[in-house]
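Just below is one structure, and these are the notes that go with it.
In order of appearance the chains are A, B, C and D, and numbering begins at 1 in each one.
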Amino acid sequence: MANSKWEYVKEFEQPDKLLPNTWIVVRIDGRGFTKFADKYGFEKPNDRRALDLMNAAAKAVVSELPDITIAYGISDEYSFVLHKSCHLFQRRSSKVVTTVVSTFTAYYIYLWSTFFPDAPLSPPLPSFDGRAVCYPTVQNLRDYMSWRQADCHINNLYNTVFWALIQRGGMDNKEAEKALAGTVSGDKHEILFSKFGINYNNEPEIYKKGSVIFRDYELVEPGSHQAAAEIDGLAEPTQQSKTQAEKDKKKRAKARIVVEHLDIIKDEFWDRRPWLLSNKPGKIPKEP
Amino acid sequence: MANSKWEYVKEFEQPDKLLPNTWIVVRIDGRGFTKFADKYGFEKPNDRRALDLMNAAAKAVVSELPDITIAYGISDEYSFVLHKSCHLFQRRSSKVVTTVVSTFTAYYIYLWSTFFPDAPLSPPLPSFDGRAVCYPTVQNLRDYMSWRQADCHINNLYNTVFWALIQRGGMDNKEAEKALAGTVSGDKHEILFSKFGINYNNEPEIYKKGSVIFRDYELVEPGSHQAAAEIDGLAEPTQQSKTQAEKDKKKRAKARIVVEHLDIIKDEFWDRRPWLLSNKPGKIPKEP
Amino acid sequence: MANSKWEYVKEFEQPDKLLPNTWIVVRIDGRGFTKFADKYGFEKPNDRRALDLMNAAAKAVVSELPDITIAYGISDEYSFVLHKSCHLFQRRSSKVVTTVVSTFTAYYIYLWSTFFPDAPLSPPLPSFDGRAVCYPTVQNLRDYMSWRQADCHINNLYNTVFWALIQRGGMDNKEAEKALAGTVSGDKHEILFSKFGINYNNEPEIYKKGSVIFRDYELVEPGSHQAAAEIDGLAEPTQQSKTQAEKDKKKRAKARIVVEHLDIIKDEFWDRRPWLLSNKPGKIPKEP
Amino acid sequence: MANSKWEYVKEFEQPDKLLPNTWIVVRIDGRGFTKFADKYGFEKPNDRRALDLMNAAAKAVVSELPDITIAYGISDEYSFVLHKSCHLFQRRSSKVVTTVVSTFTAYYIYLWSTFFPDAPLSPPLPSFDGRAVCYPTVQNLRDYMSWRQADCHINNLYNTVFWALIQRGGMDNKEAEKALAGTVSGDKHEILFSKFGINYNNEPEIYKKGSVIFRDYELVEPGSHQAAAEIDGLAEPTQQSKTQAEKDKKKRAKARIVVEHLDIIKDEFWDRRPWLLSNKPGKIPKEP
């Protein structure tokens, strides 16, 4: 029963290499999470336990795949960024995407009971889909990140008012929708404040800004490092010496992976953390 | 903070629709399972609990995704076949593949403790990668399935002798490898029998044949149904009436999903289960 | 000046292999041919010289690329079909498409003066774009061909009435458009007949049916040959012996390439010319 | 004969959009030009008429497709560069590539008799294939161009010596090959000079450097313009006002398209012609 006569079927596999020298963003999304959130009674507009679980799973992904330089999450979605010089799995799209999705899913299920000790999982289980997108320049990448964080802000402001109108204003869904139709950002702040005494600016940062995960090194003074433009200009990164690559790897392994809720739209975030775009590990901060 | 100025980044997403009217095979593989198997002390050459867990996870995938008509698994890999008429997720490759991988991973982690009650999981967790391949004809699809089952046979025969030489013959890895170098199938049977009194043919079917999962209906007499050639000939499936689609869906939901260890290379398996290729549910067998 | 430090740029080339075991259709279209037709005073609704030139160029393409089994042309478009077993250029899409487009263009320019002796070409020159599409089954392929021939019929009937209304009915473009708005096929026949005494059925076949190009062998009795379903069923064509391949090649080289104006929607066309789908050359007819 | 029942075949067409914000290089190559060159008695190692014809055809392509910012040709190949902000044909790969290939072929055939008045074309006609490759950064693009020009140099030096050994040294092909085996650049210069009195540096620039085609504006002082890094940094080009776009278009139309034989590896070429990378037309030089 030699299998050689069937091996021709391998020829039907199509290569799917992501264009070299571009930033790879793998975005994953919860499948059917509206229904899933209902099943487990997620709090509205934000369930802190659910977000913490997303962050814990994402942090594990970043930890297991050092090629990920930064990740950003809101609600039931997470974006993982691989550096443009990354050669993980020869940049095979399916392999990169499924590895991220599978690792994330594994930790989501595994850690569930830590965050929801009183609500054991039962089938159908939560799952995630994902895709990879290539961005040629730092500007494109940062615009992608800005787009997601702006979405976070817009959605959270809307949801905060919407659920206040329902939970504290006694409206039903339709009434709340109608009350918000055509309102702009300022109107929503106003409703929150005048009707419910809520100052939106005092809402928790995790809800307003989403969560950003990265390896932490000592912050640098803006302007003291390689400019984004230079990073774009890199063709293929010059082949590192093995010693240097080893050193970098060790530094990365030592770095603390942090989950923060910062503004990633403004330059400051990126300027003070040049390692995010340069892929050169920074200086490990001294233990406090 | 309108996000409209960043939305252009959506244009970088590339469509990845799988060619219509072709069979889609999603194959997933355990990542780094050699190491993982060592960590949890999987038995050699086959760990029955590990295979049962793979099968249980795969069965859950087939159950949650009714577009899957058949699945076949060996060792730490599983192939899921979607019918050529399937429109799941508009046949978007990333979406199809990541959904299968994520659902499988979720159940693998979730069910772990059922099959390994004494070996709780700890990070790094098991994960899976996957890819989708299109096959234009029934013959191509069956050749793919035959290729996997032939691989199962070849690997299992080799591993059975290899580990017998080590576990019962006192050899080390290198000696066993050397003893097997250049041997053909017959030689291996002979070694097993003469040295260890093992008749390979009596080994458990699950090890020799792998596992095949499908919805079970009443077997039919070969020759009484639509030929494979006719199925190939179908362009786009004629639009079913909604009533018929509803009926089929109900039948499928009622059908028992079974895990078997059968020869899927020979015609008989396919001839007696025409629903696997036609995608028309068969007759639900009466409860015994 | 070794070029090794720049050779990495080859890695950016993406593979574009067309799925094996599927029919490849390369369709080419004239670029900006409305304007081009005006410049050279093409007759309306059909310019016989222009169609003859298209056919002559297409015939040259079929002659130079024996992997093409059939071609079909209407107006300024042509579709070239490569057999599903074809391995031309390892099925690289760019290579296949550009070769067809370039060869067609070369002959179109080269033969121009034969068909338009009184209207020498001048820049900007006519050019063509093209794309490749894969069809998994004979039915899909035949539906594609039927789609193009139905389009030919619909367009030609419309154009024939439209230009009769203008050229013989004294209408301007807008009036003719208006007169035809909402008419069905029968209405158009009626207008032609009642207003202009034209029986559409007597119009030249080349205008009504388009042009089909293929290698000609002796017609067979329908039913006496390999069924389409069998052709679909072929996985990879069994490796021909070299002698057989040589014989086939010679037969193909000997076969006359014909340009006909036949119904390719009905079964008869295909049933009597089994070589079109089987890729096995037929019997060379005796010279008359 | 409504064609609606067949229109589903359009669904098999796969999108093939080239990644936005990347440089598109379309490279075309003569098909079977070794044989073709023999048929028409091209001179060795370089046939000036053949190169002039290539350049004339390429110049026509650049003229008809203003999205092309620069083109570079050697022997029977030509590379056409479309600016990273280009939206020609919505960046559909097939459409872009076939349009370039077809336009080039059309002019090659059309202009043949101008350059080879005594050798009329006869079938089989010359034709070209092509492919598109995306480069994310200016550095990648310039490395691609450098790679081609380095290839030009290496090949031309080899061919110059090779044919000198044959034409003037009385060797046959094998002897010349053997004589050159293992030689480095310096050796080849030495052979040319010592054996045949040829100073390679005095060979015509068109043979040593290849040909570069671009729209010509007034040269600028290096350093006075937008840096390459800035160009890389551009995400999507800011939407130009319509007036500005119109102005640019007119300027481009007025610009003279030149064929030069310059060093495109060094920075100077690019620094003094910032319009090549910025896509902003320069200053039209005053007529002399």
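Keep in mind that, in the parts below, a residue touches a chain if its C-beta (ideal position, glycine included) is under 8 Å from a C-beta of that chain, and two chains touch if they have at least 3 such contacts.
Every value quoted in this text rests on a predicted model; they were computed, and no experiment measured them.
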Inset, instruction - Compare the CA centroid of chain C with every other chain's and tell me the farthest one. - result: A
Legend entry - C-D against A-D, pair bridged by the larger set of C-beta contacts: C-D
Inset, instruction - Measure off the straight-line distance from the CA centroid of chain A to the CA centroid of chain C, and report it in whole Å. - result: 50
Legend entry - Cα-centroid distance, chain A relative to chain D, in whole angstrom: 43
Legend entry - Approximate Å spacing (C-alpha centroids) for the pair chain C, chain D: 32
Inset, instruction - Could you check chain C for residues that touch two or more other chains and list them? - result: 8, 12, 14, 19-21, 134, 140, 143, 235
Legend entry - List of chain C residues in touch with chain D within their complex: 1-3, 5-9, 12-14, 16, 28, 31, 60, 64, 93-95, 97-99, 101-110, 121, 123-135, 140, 143-144, 146-147, 150-151, 153-154, 185, 265
Legend entry - Touching residues (chain side chain D, partner chain A) in the complex: 19-22, 84, 134, 136-140, 143, 227-230, 232-235
Legend entry - For the chain B and chain D complex, residues of the former touching the latter: 8, 11-12, 14-15, 17, 19-21, 235-236
